[in-house]
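Next, two complexes with chain A in common: one pairs it with chain B, the other with chain C.
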Partner chain A sequence: MLNFALRRVAVAFCVAFTVAVFSFFLLHLSGDLATAIAGAESSAAQIEQIRVQFGLDQPIATQFVEWLWKAMYLDFGRSFYFQDQVTTLIAGRLGVTMTLGGLSLGFALLIAIPLGVLAAIKRDTWVDRVALTISVFGQAMPSFWFALTLILIFAVNLRWLPVSGSGTWQHFVMPVIALGTYAMPAIMRLTRNGMLDVLSSDYIRTARAKGLRTGTVLFKHALRNAVIPVVGLAAVQLGFMLGGSIVIETIFSLHGLGHLAWEAISRNDYPVVQAVVLLLSVVYIFVTLVADLLNAALDPRMRSN
Partner chain B sequence: MSETSAVVDPLTAALPRVSPWMRLGRRALGHHGFMAGALVLGAIVLLALFAPLLAPHDPYAQDVSLRLIPPVWDAKGSWDHVFGTDKLGRDYLSRLIYGARISLMIGGLAALISGLIGTALGVAAGYFGGKVDAAISYLITTRLSMPVVLVALAVASLVGGSLKIVILVLGFLLWDRFAVVTRVATQQIRHAEYIAAAQCIGASTWRIVVSEILPNILNALIVVATLEMAHAILLEATLSFLGLGVPPPEPSWGLMIAEGKQYMFFKPWVIVIPGVALLVLVLAINLLGDGVRDVTAPENRN
Partner chain C sequence: MLKTSLLCSAIAATLAFSPAALANKANDTLIYASDSDLENISPYHNNMREGVILSHHVWDGLVLRDLATGKYQPLLATAWKWVDPTTLEFALRKDVKFHNGGAFTADDVVFTVNYVLSADAKVVTKQNVEWMAGAEKVDDFTVRIKLKEPFPAAMEYLAAAVPIYPKAYFEKVGLEGFAKAPVGTGPYKVVAATSGQGVKMVKNPAYMKDSPKGQPKIGKLEFKVIPDGESRVAELMTGGIDWIWRVPSDQADSLKAVPDVAVLSSETMRVAFIIFELHSDVPATKPFQDERVRKAVSMAIDRKAMVDNLVRGGSRVMDAACFIDQTMCVQDTVAKYSYDPAKAKALLKEAGYPNGFETEIYAYRERDYAEAMIGYLQAVGIKAKLNFLKYPAMRNEMYAGKSPMTMNTWGSYSVNDASAFTGNYFKGSPDDRSKDPDVIAWLKEADSTVDDAKRAEFYGKALKRISEKAYVLPLFSYSANYAFTKDLNFTAQPDELPRFYAASWK
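The block that comes next holds the complex of A and B.
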């Protein structure tokens, strides 16, 4: 187990480093940053001044090493637009996004797992079909459009919730539903299929043959094993949701990391963009690492690779 | 003796000949999801192909005197503009029909590019195994840990959003699922006897991949292609909605929702109609993909 854990952690560090390389060069190679920052109508002298001011006249390798070295100490430089350290900006916004991500994942799990279990128990009945229909629609709905529809229904017509902004818990209700619905279908399908597999296995038949109560068989024996793969998927979905938060936070004017990323992207504030890309990737890498270790602890067969 | 001769001899009786293709066709016809998806997607493809003939108006023609006319089911609507008009007086139905071209083109081409990249990587990893597999798996993990929406937005913002850029960015970002699925599918058949047989008669690696492996993982490939096509269509709509995808005045459905956003409180149909169009298209593609999976591998159905 220790061996597996150490190897897995080493891989996670390498992946994080590769992502840092990718995100740095992707942004530097996809256009002339100095021109992008200065704006299209500025003069050659102004562009040159910006190039020197932000160190963009240095060789790209030098720029990268310098950026990475500072990034290891959580120093991502100054924002071009916000007149503040990137790290300070991110620290101020991180709480909102983590709350949103955590609550959305909780919401998705709370709906998806019972629905998946129910669909598996009542296989091929109307319950199963309703669950499947929900998951198919959930998958096909553009999340930004779903968010706007929620605003129309709950904020404009029913006036139950505020349209946008942050501050009270009411501001989180619609963003959580919008973001959670995005992650729900995959979790539901996996729970359902895992449950179906487990229910047809020998040890469940044995448990039933022993005369155990249906509830005991389902929840003590079947669900525990069916839910193991869901741990891994939930980690992956959390990563996707953090990426998706950029859309949802923009629509609901929630001042989190996604909103910050959006503002930074639309203003070519690339130190912020780079830092957010790296941070979200690192969160994803960390969460999937934890899920892998958790899985390995729960199920020794997972330690092989 | 005379009685037994009346019994049909099971060995010589002419059974109706059913080829595997016919059996596949019958299963497809009997699969409601597959048929519904295929019919709706087919209809949308036809709409897109014959857009100039079917659109009642020019999708780009502005007329400020006809701004924000409600659709026909509203009391103030008229049959002249079935889905009403937008803030510049452009006919919504015509823009919707032309918008199908953008969605289908981006979905199709992005899925094609990512399919080529992902399949090449996945098959190589699955076939060669060892170090090649380790390197490619590492690449897949790295790609998966980068947030797609964020990277796509950042690149589109630096390069400038356009149809071509959106296709390329999505094509180069969405190959991960192709690689994951083809890698596992190739591993599963890597040691099958027909692969060994092909190697014994001296077939080249290229030949084995093209004529033995690819045909056998084709169904998995089609399923992933539909998923990624749907994914790309939704991402294009998201990018265009945020103003970094297809630029105006193109009738992208995501852009139509963005343009209608400021009017949605009083005229909700401006966002409902293009949203429903997106939902229907993506739903049809997903149903088709699920159907292909069920029809080609009924033993895996759950």
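The block that comes next holds the complex of A and C.
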């Protein structure tokens, strides 16, 4: 297990490094940074001064090493646009995004796993059909449309929930449902298929033949095996939700990381874009790593390959 | 039975915790929302309309223009006189305090003027200040502003775009500190400015007693950034916010049916126009170096139909490159392009594009207007791809010569003089993409004389040339649709500057 874990961690580091290289160089391909920072009405001398001040006159490899070195200490420099350090900006927005992502995944799992198990047990009955319908809807509905529909029903007509902002827990209800619904179908279908595979396997038949209670067979023997691929998928979904919640964050005015990234991109705010790309990638890599290790703990067969 | 009662209590709990609707009158807090955050709250360091609003609530200038009479009224100054054509002397109020308690004196005026003129200040819209040469103190409450050359619109700029900063505080905290905790003399003081979210203000209890702005009536004011238009409307309908603007006409129509909401439409000074790129090496911009292509575009777009069907609410078609009611926006000699797609096609053929060409259009607001124009251009063979960006990013692309056509808008900083428009777009600044040396010379001449007849002559010449060469295509004035809670007394002005200090609860 230790050996496996070490190998996984090493791979994760390599991926993180590659992402850092990409996020650094891609942005440097998009034009002369010194001119961008100096602004339109600056003289050649001012641009030159900024080039030296920001170290942009150094060879690009030196710049990269310096940037990476500072990045390891979470120093990403200053935002060109906002009057603030990038780290401060991100710290201020991280909480909202993490809360939204975590709760949404929780919501998705809470609905998807029981529904998936139920659909597998009651295969080809109306229960299975209802579950299928829900998952098709969840997958097919554009999230912005679903979000606006939620606002119309629960905020405008029923007045139960606030429309936008992030002040109280009520503010998170609709965004979590909107984002979670998008992640739910895949988890549910995977749970259902996993359960179907497992339920038809020999050891379940043996377990039943031993006279174990149905509940024990389902949850102790079957679900544990069926849920293994779901752990991996959930990790991917979490990474996706942290980075991909831009639409939901914009509609509900949640000033999180996705929204910050969008603002930074549309304003050519390179330091912020670089930092957000790197940070989200590292989080993504980290959850994937955790999922791998968790899978290995759940299923000893995974450790050997 | 148990389940039902659980469900009921869950709903009851939700209801108990949900915010009471339309509570803001009760809280004496007016929340207004807009889509864009400011790059910097300091009025000299952004060129967003949201910034102009804050500027007039948190800061004061030396004078204020009376909208009804057009006369200037004393604000931070009590009296003024022209010592000579390039020297303005102001006597200042003696009883004014900044929000942090510091006393207002001539030092603050001298500091503000000299700071914004320095290269370090990096003022975003130089047009607003660069007519001044500097300021000097005569005594503690008398100050002289020196002009570079005679400038007839001086008072207009002082009233609209030169807020006074506190010298001692600004020098202590610097621009960065000032942006986070700004201090002024205005009717409202800032208590919190959070990047990306908005600004919270409270009534300034020590606001000067006989200010022409009047005393603020509403206790707390909050500017909230809500990027999504639908969310803003939903927030207004549920009482989460009290005031929105720039409501699209179709949404304004449906909001009129909402019982708690009032809708107000009026024309504004903001003018939409297309800037053509004339001097770039970027291939996509090449066709527009030909005058005939620019004229073809001017005739291909049915501006009247856009005004009648899209913009509506008091908007008008513009022909001169300024707002029609601005002083010196000379109309009668400019070339007017009426909608004529056949002629546009003929001009394109003449210019060597019988089958049209592919190009790009850049825009930053009202995607639907840009899309309508793309449709019109398509009909004469010009296939334009839309690049929809945030304003600062779009401006950078234009400055780099990458934008063949830029759909821009300009509200003239609410300055009621054509120089506030032409000065920014035709006097050689980076926003000037035509850089016609004659136009630049004429505008310099016009901007530096106090003789109205001579000003009219030179503005007329410049505007005539701009229209004949079709350097830009003026489109239309904007109409502003405001929607707000019926609890609010609010009146709109054509200068697109909502005055919340004059608003009150019913």
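Definition applied: the second predicted complex is superposed on the first by the 270 of 305 C-alpha atoms of A that agree within 3 Å, B and C clash if a C-alpha of one lies under 4 Å from a C-alpha of the other, contacts with A are read in each partner's own complex, and residues count from 1 in each chain.
Basically, a contact is a pair of C-beta atoms (placed from the backbone, for glycine too) under 8 Å apart; a residue touches a chain by one contact, two chains touch by 3 or more.
All values derive from a computational prediction rather than experimental measurement.
K.L.:
What is the contact status of A:Asn193 with respect to chain B (first) and chain C (second): first, second, both, or neither?
P.N.:
First partner only.
K.L.:
Check whether A:Ala234 is in contact with chain B, with chain C, with both or with neither, and answer first, second, both or neither.
P.N.:
In the superposition, A:Ala234 touches no partner, neither chain B nor chain C.
K.L.:
Mind working out whether A:Val277 is in touch with chain B, chain C, both or neither, as first, second, both or neither?
P.N.:
First partner only.
K.L.:
With the two structures laid over each other on chain A, which partner does A:Leu115 touch: chain B (first), chain C (second), both, or neither?
P.N.:
neither
K.L.:
Looking at A:Val156 after the superposition, I want to know if it touches chain B, chain C, both of them or none. Which is it: first, second, both, neither?
P.N.:
both
K.L.:
Touch test for A:Leu148: chain B only (first), chain C only (second), both, or neither?
P.N.:
In the superposition, A:Leu148 contacts both chain B and chain C.
K.L.:
Tell me the contact category for A:Leu260 with respect to chain B and chain C: first, second, both or neither.
P.N.:
second
K.L.:
Who wins on chain A residues touched, chain B or chain C?
P.N.:
So, of the two partners, B touches more residues of chain A.
K.L.:
Does chain B (first) or chain C (second) touch A:Phe82, or do both, or does neither?
P.N.:
After superposition on chain A, A:Phe82 lies in contact with chain C alone.
K.L.:
After the superposition on A, what does A:Ala131 contact: first (chain B), second (chain C), both or neither?
P.N.:
Neither partner.
K.L.:
Residues of chain A that sit at the chain B interface in one complex and at the chain C interface in the other, please.
P.N.:
In chain A, residues 36, 148, 151-152, 156, 250, 266, 268 are touched by chain B and also by chain C.
K.L.:
For the complex, which residues does chain A have touching chain C?
P.N.:
Touching chain C from chain A are residues 36, 39-41, 81-84, 89, 92-93, 148, 151-152, 155-156, 159-165, 168, 170, 250-253, 255, 259-260, 263, 266-268.
K.L.:
Considering the complex alone, what residue numbers of chain A touch chain B?
P.N.:
11, 14-16, 18-19, 22-23, 26-27, 30-31, 33, 36, 136-137, 139-145, 148-149, 151-152, 156, 192-193, 196, 236, 239-240, 242-244, 246-247, 250, 261-262, 265-266, 268, 270, 273, 276-277, 280-281, 284-285, 288
K.L.:
Write out the stretch or stretches of chain B touching chain A in their complex.
P.N.:
138, 141-142, 144-151, 153-155, 157-159, 230, 234, 237-238, 241-244, 254, 257, 261, 264-265, 268, 271-272, 275, 278-279, 282-283, 286-287, 290, 302
K.L.:
Going by the contact rule set out above, which residues of chain C touch chain A in the complex?
P.N.:
Per the touch definition, chain C meets chain A at residues 14-15, 17-19, 21, 37, 39-40, 122, 126, 175-176, 179-180, 195-197, 224-228, 230-231, 234-235, 237-238, 240, 389-390, 392-393, 395-396, 399, 429-430.
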